[in-house]
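Structures follow.
Both of the next two complexes hold subunit A, though its partner changes from subunit B to subunit C.
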Partner chain A sequence: MHIPDGYLSPSTCLALGAVMIPIWYRASAKLKKDLDVKQVPLLSMGAVFCFLIMMFNVPIPNGTTAHAIGATLVAIIFGPWAAVIAMSVALAIQALVFADGGILAFGANAFNMAFIAPFVGYYVYKSISKNAVPGSTRQLAAGAIAGYIAINCAAFVASIEFGIQPLFFTAADGTPLYCPYGLDVAIPAMMVAHLTVAGFIEGIVTAAALKFMAVQPVTMLQSQINKKEGVV
Partner chain B sequence: MMKRYWLAIAALIIVSPLGLLADGTAWGEWGGDDLSETLGYIPQGMKNVQDVWAGIFPDYSIGFLGESSLGQSIGYIIAAIIGSAMVYGLSLLLMKIIAAKKNSTLSCSNK
Partner chain C sequence: MNRLDLPAWLQSNDTIRLPAVTHSWKPHNYLEKTLKKIHAILSEDNRSVLNNQDGLLQKLEPHMKVTGLLTVILLAALTQNLVFLIMLNSIILFAALQSRIRLGDYFVRIWLPIFFFTGIAVLPGIINWVTPGDPLYTIYSNLTFSGHFFTLPAELTITRQGVKSALFVILRSAASLGIAMLLIKTTRWSVLTKVLAKYGLSNIIVTILDMTYRYIYLFLFIFMDYVLGRKSRLVGLETQSSKIAWIGGTISDFLRITLEYSQDIQYALESRGYTGIYYAEAKGPLHLIDFGFAAAIIILGCYAYGGINHVWIFSL
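Let's look at the complex of A and B:
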């Protein structure tokens, strides 16, 4: 889902970059207000988790590959605005160091994976989980469903960005200037990859990580209880 | 608690070469050469920006380790370590800047 440079017109890149500026501004203002300094290392680990999980390419039946993105997990744990920052950091390093996702297309990739994905994931999770106990079946199911829907929404938005290119941007001889595939090709291709495979991976990864993270507080609580009882 | 999470991160890094098993490229992420093979041409606008930025370790590969699957796997792990360190560092730095703004506004309101 990392759109490389050259697939989107400069105007598309500019427009999505312009949309991201107030989102980044709001995210940093939110973090400034709400973030507990003690959470910073854990949130940064969340960014690392997203970076790493995106390295696990999985094969898609149509011969392409896709991967999970981890955005929903970070949004569930730290809130969607923190996830905007964490995902943007991961995407920035991917683009700058590993040429995964374009430099010019950074705004577009951030819009899809650092804005659409965490926000959709967060609100789907909230609406399903209500106040489910961490580690409960309900919570894990909510995380899995949220992850599945969120990555598919991000993929859908990306496919629109790809697909509108040949509609609007063609050379004088009619050949496409940027992404050569229209909506009729881009939407099915992106959605097949994410509805059939990547969505499930994102769902499983989200639920597994929630389970992994839920174990620890419970055991901590248990040991505290034991200590107290020992004292008494 | 953090130690447990760091171990999970380390485990992800170690098994990261699993991500190399999938053949092919993600849809819409083909390079110019791949695209000209399927299309017969490279779109003009794409050609113009092709060389804007090539990255430092493109495709998470460390050049000198070669194309063997072992070399690629080791390269992928090194890329995962370098990338993780950079993401962690950049994230801490950004948060620090954001938190510093917090302190300055606090001290202003205290005056």
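Let's look at the complex of A and C:
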């Protein structure tokens, strides 16, 4: 899901970065008009938590492993706007320090994983779980479905970003200058992998974490922090 | 002890299935893979490179270096000149060696992922089914095959446009990865974030970046202990559900720990009178080497857009 540099044109990266600017602004405004000093540790630890979720190698039945992005889980715990900031910080450090995702493509990665995924996941979860008891089957199913749908929506958006490259950015002799795969190849290639494997991983990890959070005092602590800090 | 006093799990006569012995260098177990991932991050020692004052990029003024390297990333993304991209990758390799980055480290970090991920990802793009164009090599022609759901095209060729397109993606990705490596290996994180603050990034965001970077390493050590603890206690084969349960439980634990830490850090900051003001140092003095670096970037920019176009690779 982390798009490296070279696949997207600078104008696509710039456009998606420009789309993210009001989102980041709104996220910081939502977290108390301007980012409050008191929220620095909470958001930093949120970013660390996002990073750690991506470090888990989740076993899948064919013997190999995959990893979740944790966007839905983070959005459920911290709220979607806080998830935007936490995921963006985690993605920035991944791009700069660990070469996971491009520096120029940071705006695109943030749009897919720090905006689309948390928001879709959060609202799907909210609409299914409503007032479900923590740890109940409905709450866990809501988490799993939200995780599955969120990562697939993010993958779909990423596949469109890939697929439009040969339509708009081609040399005079027909050479695609960036990702060579059109929408007819990029969408099925991305979606097959996410609909069959990555989506289930995201859903299972989200539900499994929610199940354990229901039996730990984390939920209480989290709700206290949310109330205190005004996280929505 | 009476057999009836034993707990149920100890009375069970089930045989434990042990993991098969493998002789592969590649880890198959999810815990081993996670450990390898953590180890790869923690074992990267940047200190020897950072502290080497003889290195080429270490001598540069940080603002000039960050601006210059980001400009080069943009140049690599914008150019339509393959020769420039090849030359740029050679310059990045030269700069890495002059900055005391070992050749092996460079290839492992840059070219290995480029070949195995980007290379494989763009490989199907070189054929005429994906990128139509002038044939360079014909794999088959005049074939007629038609199944119930699928009809093979009559001709399969590798096209000039497909190869050029794949080279563009590979060389751009390699250049970007190389520059990111040069930047992070030759610049202290605290200096890098000070430059970002100087360029207008909000003080609070810079502090969040700094704090996240620092605590990622602490939590990776804690995570490693968790994985090692789990691995050392495992005797038999795990079921899929127990693997998922462990992952869910560990994520939940980490949430608790990170939230506890955030409270502790907040109290520590408040007690020390933290106000959120971030002190970014003023620009350092510029030396001859900084002007030379700026000139090199300008020359690269000119070459990228006005350079030689009629070179062998374009006659492919």
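For the reader, a short list of remarks on this structure follows.
To be clear about the criterion, the second predicted complex is superposed on the first by the 190 of 232 C-alpha atoms of A that agree within 3 Å, B and C clash if a C-alpha of one lies under 4 Å from a C-alpha of the other, contacts with A are read in each partner's own complex, and residues count from 1 in each chain.
Methods note: a residue touches a chain if its C-beta (ideal position, glycine included) is under 8 Å from a C-beta of that chain, and two chains touch if they have at least 3 such contacts.
No experiment lies behind these values; they were computed from the predicted model shown.
Shared-chain residue A:Asp5: touches subunit B and subunit C both.
In the superposition on chain A, contact of A:Phe115 is made with neither subunit B nor subunit C. In the superposed model, A:Phe106 makes contact with neither subunit B nor subunit C.
Within the superposed three-chain model, A:Met190 lies in touch with subunit B and out of touch with subunit C [touch as defined at top]. Applying the stated contact rule after C-alpha superposition, one finds that A:Met55 touches each of subunit B and subunit C.
Of the two partner chains placed around the shared chain by superposition, subunit B is the only one that A:Phe162 touches, whereas subunit C remains out of contact. Of the two partner chains placed around the shared chain by superposition, subunit C is the only one that A:Lys211 touches, whereas subunit B remains out of contact. In the superposition on chain A, contact is made by A:Leu43 with both subunit B and subunit C. Taken together, the two complexes place residues 4-7, 9, 28, 35, 37, 40-45, 47-49, 51-53, 55-59, 63, 65, 85, 89-90, 92-93, 95-99, 102-104, 171, 175-181, 212-213, 216 of subunit A in contact with subunit B and also with subunit C.
The touching residues of subunit C, counted against subunit A in their complex, run 28, 30-31, 33-34, 37-38, 41, 70, 73-74, 76-78, 80, 109, 113, 118, 122, 125, 130-133, 160-162, 164-166, 168-173, 175-177, 179-181, 183-184, 189, 192, 202, 204-205, 207-209, 211-213, 215-216, 219-220, 223, 240, 243-245, 247-256, 258-263, 265-266, 269-270, 274-276. On the side of subunit A, the complex with subunit C involves touching residues 4-7, 9-10, 13, 28, 34-35, 37-38, 40-49, 51-53, 55-59, 61, 63, 65, 70, 73, 77, 85, 89-90, 92-93, 95-99, 102-104, 166, 171, 173-181, 185, 204-205, 207-213, 216-218, 221-222, 225. The touching residues of subunit B, when paired with subunit A in their complex, are 1-2, 4-6, 8-9, 12-13, 16, 18-29, 31-32, 35, 39, 41, 43-50, 52-60, 76, 79-80, 82-84, 86-88, 90-92, 94-96, 98-99, 101-102, 105.
Subunit A meets subunit B in the complex at residues 1-7, 9, 28, 31-33, 35, 37, 40-45, 47-49, 51-53, 55-60, 62-67, 85-86, 89-90, 92-100, 102-104, 158, 162, 169, 171, 175-181, 186, 189-190, 193, 212-213, 216, 220.
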